[in-house]
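Below, chain A partners chain B and then partners chain C, in two separate complexes.
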Partner chain A sequence: MNPYLEQCQVERQKRQTDPVDSADQQRRALEWQRFDECGWPNTRLEKWKYTSLSSLEKLALPTALVRDPGFVMGSQDFLRADGLVISWVDGQIDLENSSISELPAGVEILFWSTMTPDERDKFAQLLVQSRRLSALGALNGALLSEGVWIRVSPGACLEVPVFLIHQTSQSCAMHLAVVVEMAVQSQLTICERWMSTRDQPTHVNLVTAFHLAEYAQLTWIKAQQGGNGSYHTAGLWAALLGHAQLRLYPFGLAGSLVRHDIQVLLQQPRAECTIRGVYRVCDREMQDFHTSVEHLAPHCTSDECFKGVLDGSGKAVFNGQVRVALDAQKTQSQLANHNLLLSEKAEINTKPELEIFADDVRCSHGTTVGQLDENQWFYLRSRGIEMETARHLLVHAFTREISDAIPHAGIRDVMNQWLGDDCYGA
Partner chain B sequence: MLQIKELTASVGDKEILKGINLNVNPGEIHAIMGPNGSGKSTLSNVLAGRENVTVTGGSLLWHDKNLLDMEIEERAREGIFLAFQYPVEIPGVGNVYLLKAALNAQRQHRGLPELDAMDFLALVKEKMKLMEMNESMLYRAVNEGFSGGEKKRNEILQMAVLEPELAILDETDSGLDIDALKIVSNGVNSLRSPTRSMILVTHYQRLLDYIKPDFVHVLAGGRIVRSGGPELAHELERDGYAWIAESGAYGVGL
Partner chain C sequence: MNASHDTLDDLISQEYQHGFETAIEADAIPPGLSEETVRLISARKNEPEFLLQWRLEAYRRWLKMTPPSWASVHHPPIDYQDIVYYSAPKSQKDGPKSLDEVDPELLKTYEKLGIPLHERAILAGVAVDAVFDSVSVATTFKEKLAEVGIIFCSFSEAVQHHPEWIKQYLGTVVPVQDNFYAALNSAVFSDGSFVYIPPGVRCPMELSTYFRINAKNTGQFERTLIIADKGASVSYLEGCTAPMRDENQLHAAVVELVALEDANIKYSTVQNWYPGDKEGRGGIYNFVTKRGDCRGARAKISWTQVETGSAITWKYPSVILRGDDSVGEFYSVALTNHRQQADTGTKMIHIGKNTRSTIVSKGISAGFGHQAYRGLVRIARSARGARNHTQCDSLLLGDRCQAHTYPYIEVKNNSSTVEHEASTSRIGEDQLFFCRQRGLSAEDAVSMIVNGFCKEVFKELPMEFAVEAQKLLGVSLEGSVG
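The block that comes next holds the complex of A and B.
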């Protein structure tokens, strides 16, 4: 057993002496057993071929129960938009810096730590598929430390986004879960931000489940901004009923190793899913996106585009699956992945995988790997623009198409800023 | 101020410039004409410092400094401006941002403070009026979706804002309608001064009716095969370039 898992064992023992919720203990035991059967991910497995967890294995990361007293909250000025803020430190809710004491009508927010045994049971059920996306999902089930359950009632349309702001104060591991249940015709925007404010080893192991009923609309934006030594593994599973719309905007901006497994099921006719993502790596960083969109009913639409910027010795993996079931006629699906390689040492493994069983469909996919455009480079420099600035401008321009697609103006502006200084207006 | 001596240059392993000699003094306007593929754009690019053109011999002096030792952006800041034959589209970078960054880079180089946003906008708007350009173009991405003529006007707008000492206009007139040609020429003429020089690359005499050159050169086969006054342009308009081949002036390899 590796040092990481040895520490996990210690954490398990701790949990078993918690005030007893026997059903919860039982679930954890089963999940641990399942994890044992799956085994720690290694590069001999197809899904982990290019992504090695060997450096995480060596870290014995405890679950943090008390925040480092020297910790100073990172600035939240970026929250120019009004919203409901749920602030987290080391994977625990920080109510003092949250703004959820008064919730708008139609939304309910529950935390795992204060749920009844009954609620925990339902919460776990809503996460079953999310936890099956990888062995780390089972580990999450065994070691879950906190979670949030957001329920939006029928017809409720939240005008302000819900922000989930995560920071860390020390070296630790966090096993967290998010469930969002969108009732019929409800609307919500969620924005997650993940920071590890100091360069200390941290591991976030996250599972997320989105359940969208008929005509529900959910927009989700995620900014992953980890420091040196930050590990982030996340499984996101979403199921859409008829006419539901899901928009996902994951931005992997920094982190030692970031892995996303995303699976979206379009279960009923006219469900729609849009995914616009960016990954950006520099020296010794790794980003891995495994996505899978399943068309299970006719007349559904999916449109996915990821852009990657790879610098230094950075590595990235993009694996985009689209499956179209036999009776999912009239499916429309697009899948694109474009990469900008800025260094000879950088590495990208990109693979679109289409499995189409229906015959009356419109599906397209395209992948590119390229360098900075020589003409644009020359043009900018011929106007007196410094090399570094020219490069920065062109890189930002490349990813800007993705951030510009974010519907919420406030969040879009911030994301543009994070992708590079604002280089559009004067 | 610009001295080109026996300049040879190649792209890949193809030699394109085969010994160019040209002196440009302050205030002078030189027109360069010549058949397609003769090396006019290559010469323009060499002056601006394009990296895919390799200088294989000769010398390039700018105010007695070796131009070949200077980076692309350094040349720009030292007052050399190239209006591209094919202006480049840069989606995602705003036109106004580029203008501002370029102007401030140059001001910084000259030890001047950055222009604040108000002064900058006032300056740009004044120059846009001169070019009869719609202000909305400022807020579009650089050249993206601009028509051919709009792109050319945008090049001259940049020139008007940057006020270079040497402007190289590579076929700025092609693709312009008759009215636009007048507007662009007016823009260029408004920048004429005893200290500012220009190299106009063109295929047509018409541009030279609006912007009177001091000298006209014929570039063919990588060499300047003839130089003269404005009357040479009229002659070329009438006779074309067939005489070059007949006279053997085209040189070896073409």
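The block that comes next holds the complex of A and C.
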């Protein structure tokens, strides 16, 4: 057993002594058993072929119970847009800096720590599929420390986004869960931000589940801005009923190792899914996106595009899968992945996969790996723009295509700005 | 499904009723694989000691390996102890005596493909000597080749007469431990072809196994080695378009190509082994390892394949681009109809500077056909200025077929450019309508559209092959429309 898991064992013991409900204890025990069966991910497994967790397994990270007194909150100046803010520090709710005392009609927010046993049971049910995405999902089930459950009632359309702002004050591990339940014809925008104000080893192990009923619309934006030594592993599972629309905008901007497993099920006709993502790596950083969109019913559409910028000795992995089930006719699906390699040591491993079991479909995917266009480069240089600025402009323009697609103007502006910040700066 | 197609299928499967029985003859060793079998094969073939040791090494490695399970194909486990690993070239006594005894429907297929009469006899397994004087044809060819110093003979002959080449090159492209089937082949390979083109020689004709008379009954574990020395150039054809009669269900061949400086090898395959009947009974398992190695600068290896036969195809012709400025190409058309399964693709490993590769893969899936493109493009850190373009398209005919794409792209170099595109769709209603409106039957229209879809690959085939391949596609798709 590696140091990371040894620490996990210690955390388990701690939790077992807490006076909590027995059903929860039982669930945790089962999940731990399941994790044991799956084993710690290694590069011999197809899904982890290019991503090694060997540096994480050497870290014994405790769960933080008390915030480091010397911690200064990161600047929240990006919150130019109005919204409901849920602030987290070290994986615990920080109500002081949150603004959820008065919720608009039609929204309900529950936290794991204050749920009743029945609610916890329901919460765990909603997360079953998310936790199946990888072995780390099972680990999350065994060690869950906090979670949030957002419920939007039928027809409720929230004008303002919900912000989930995560910060860390010390070296620690966090096992967190997010569930969003969207009732019929409801609308919501969620913006998640993960930031580290200092460089220290942290591990966030997150599971997320989105349940969208008929005609529901959910937009989710995630900005990942971890510091040196930050590990982030996330499983996101979404199920869409008829005519539901899901838009995902994951931005992997910084972090030592970031892994996303995203699975979207289009379960009923005319469900729609759009994914627009960016990953950006520089020296000794790693970003890994495994996405899977499953067309289970006819007339569904999916459109996915990821752009990657790789600098220094950074490494990225993209595995985009589209599955079209038997009889999911009239499916339309597009998948694109474009990568810019800026340095000699950067590395990209990409695999766009198509698995098609129906015939009346239009599916395509395209992948490119290349450098900055010499003509564009020349254009800027010949107009007297210095090298660094020209490079900056071109890279920014390359990724901006993704952030420009964000529907919410306030968040779009902030994201554009972050993409403009240099990889090493800011 | 039209009625005539059903009968055709019935008749073809009848033809194969006595196909897979392996009657043990006097000069065959009993089924089963052991070190003893390997020694026996080697002894019967009068092989030098180094080759025996090489076979044994492969056998020992094979024992420790397990069959690959990652391919998206399904078949019952193969009993490797139930295979006869050596039998002397069969006499023709269990085959039909003349064309009159051959299934008329099979002959009809040959006719549609436009195969000359005497060739039909060979294909149907009729004893050829009386019908077709292939010996003389082969001899003329051999003389012509010898004039320029080309060695083109069976593998066993090469072992006897040119052991130095075998010793130097065998297993250097596909090592014995490469994969389960390659190891098996290395231990028990029966025969195959050997080609050596001397420096600076451009081979005066297309070399083809089809014309080499001793290519008959090379058995199920074929081994081919082609060496193109500096500045040499050769085009090699394997297989033929007509459905081949074959006794063995499992085929595990290995093909190794070595291209030295400025050499050029073009390897074309048309594979049309028996695909099994409509319900997926019988049919050949074709598990092949093909790999080329561009060892010198400016070398070029090009694979072209048309895969329409076999119940299961598991095949990834690859190129290792070691020499600077070397070029790799892969053009493929794979068709799966009824219950056929194909997991095929290529690997392009870029190591040298300014290496270039092109991949064009066209998959057609009909009926319950199951098809996967599985490819790897790897650009090593040393491959500065490398370039790859990949295009893989799938065409679906029928609502129960499958088409999958698994392209692995690994790039470790910022001066290289890699592009990959793939699409999957069915034949457009508007395209069909356009053709029907101009008086073409549904089947002709589909055949025409499919051929258009594959044109990019067909144009890479040698001319006569291309014409045959086009017809073959039409015949193979019969009954999948309408």
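In the analysis below, the second predicted complex is superposed on the first by the 420 of 426 C-alpha atoms of A that agree within 3 Å, B and C clash if a C-alpha of one lies under 4 Å from a C-alpha of the other, contacts with A are read in each partner's own complex, and residues count from 1 in each chain.
Simple rule for what comes next: a residue touches a chain if its C-beta (ideal position, glycine included) is under 8 Å from a C-beta of that chain, and two chains touch if they have at least 3 such contacts.
Computed from a predicted model, the values in this text were never measured in an experiment.
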**chain B versus chain C as contact partner of A:228, first or second or both or neither** = neither
**Item:** First (chain B), second (chain C), both or neither touched by A:380
**Value:** first
**Request:** Have a look and say if chain B or chain C is in touch with more residues of chain A.
**Result:** C
**Message:** For A:393, using the defined touch cut-off, is the partner it touches chain B, chain C, both, or neither? Pick first, second, both or neither.
**Reply:** first
**Prompt:** Of the partners chain B and chain C, which touch A:2 in the superposed model: first, second, both, neither?
**Reply:** neither
**Request:** Return first, second, both or neither, reflecting whether A:52 touches chain B, chain C, both chains, or no partner chain.
**Result:** neither
**Prompt:** A:401 contacts which: chain B (first), chain C (second), both, neither?
**Reply:** first
**Prompt:** Between chain B (first) and chain C (second), which does A:341 come into contact with in this model arrangement: first, second, both, or neither?
**Reply:** second
**Asked** Tell me, which parts of chain C touch chain A in their complex?
**Response** 70, 379, 381, 394, 396-426
**Complete:** The residues of chain A that touch chain B in their complex are 374-376, 378-387, 389-390, 393-394, 396-398, 400-401, 423-426
**Asked** Can you list the residues on chain B that touch chain A in the complex?
**Response** 48-52, 71-73, 75-77, 81-82, 84, 87-88, 90-94, 96-98, 100-102, 105-106, 109, 117, 120-121, 138-139, 141-142, 158, 162
**Item:** Complex contact set, residues of chain A against chain C
**Value:** 46, 50, 326-327, 329, 339, 341-371
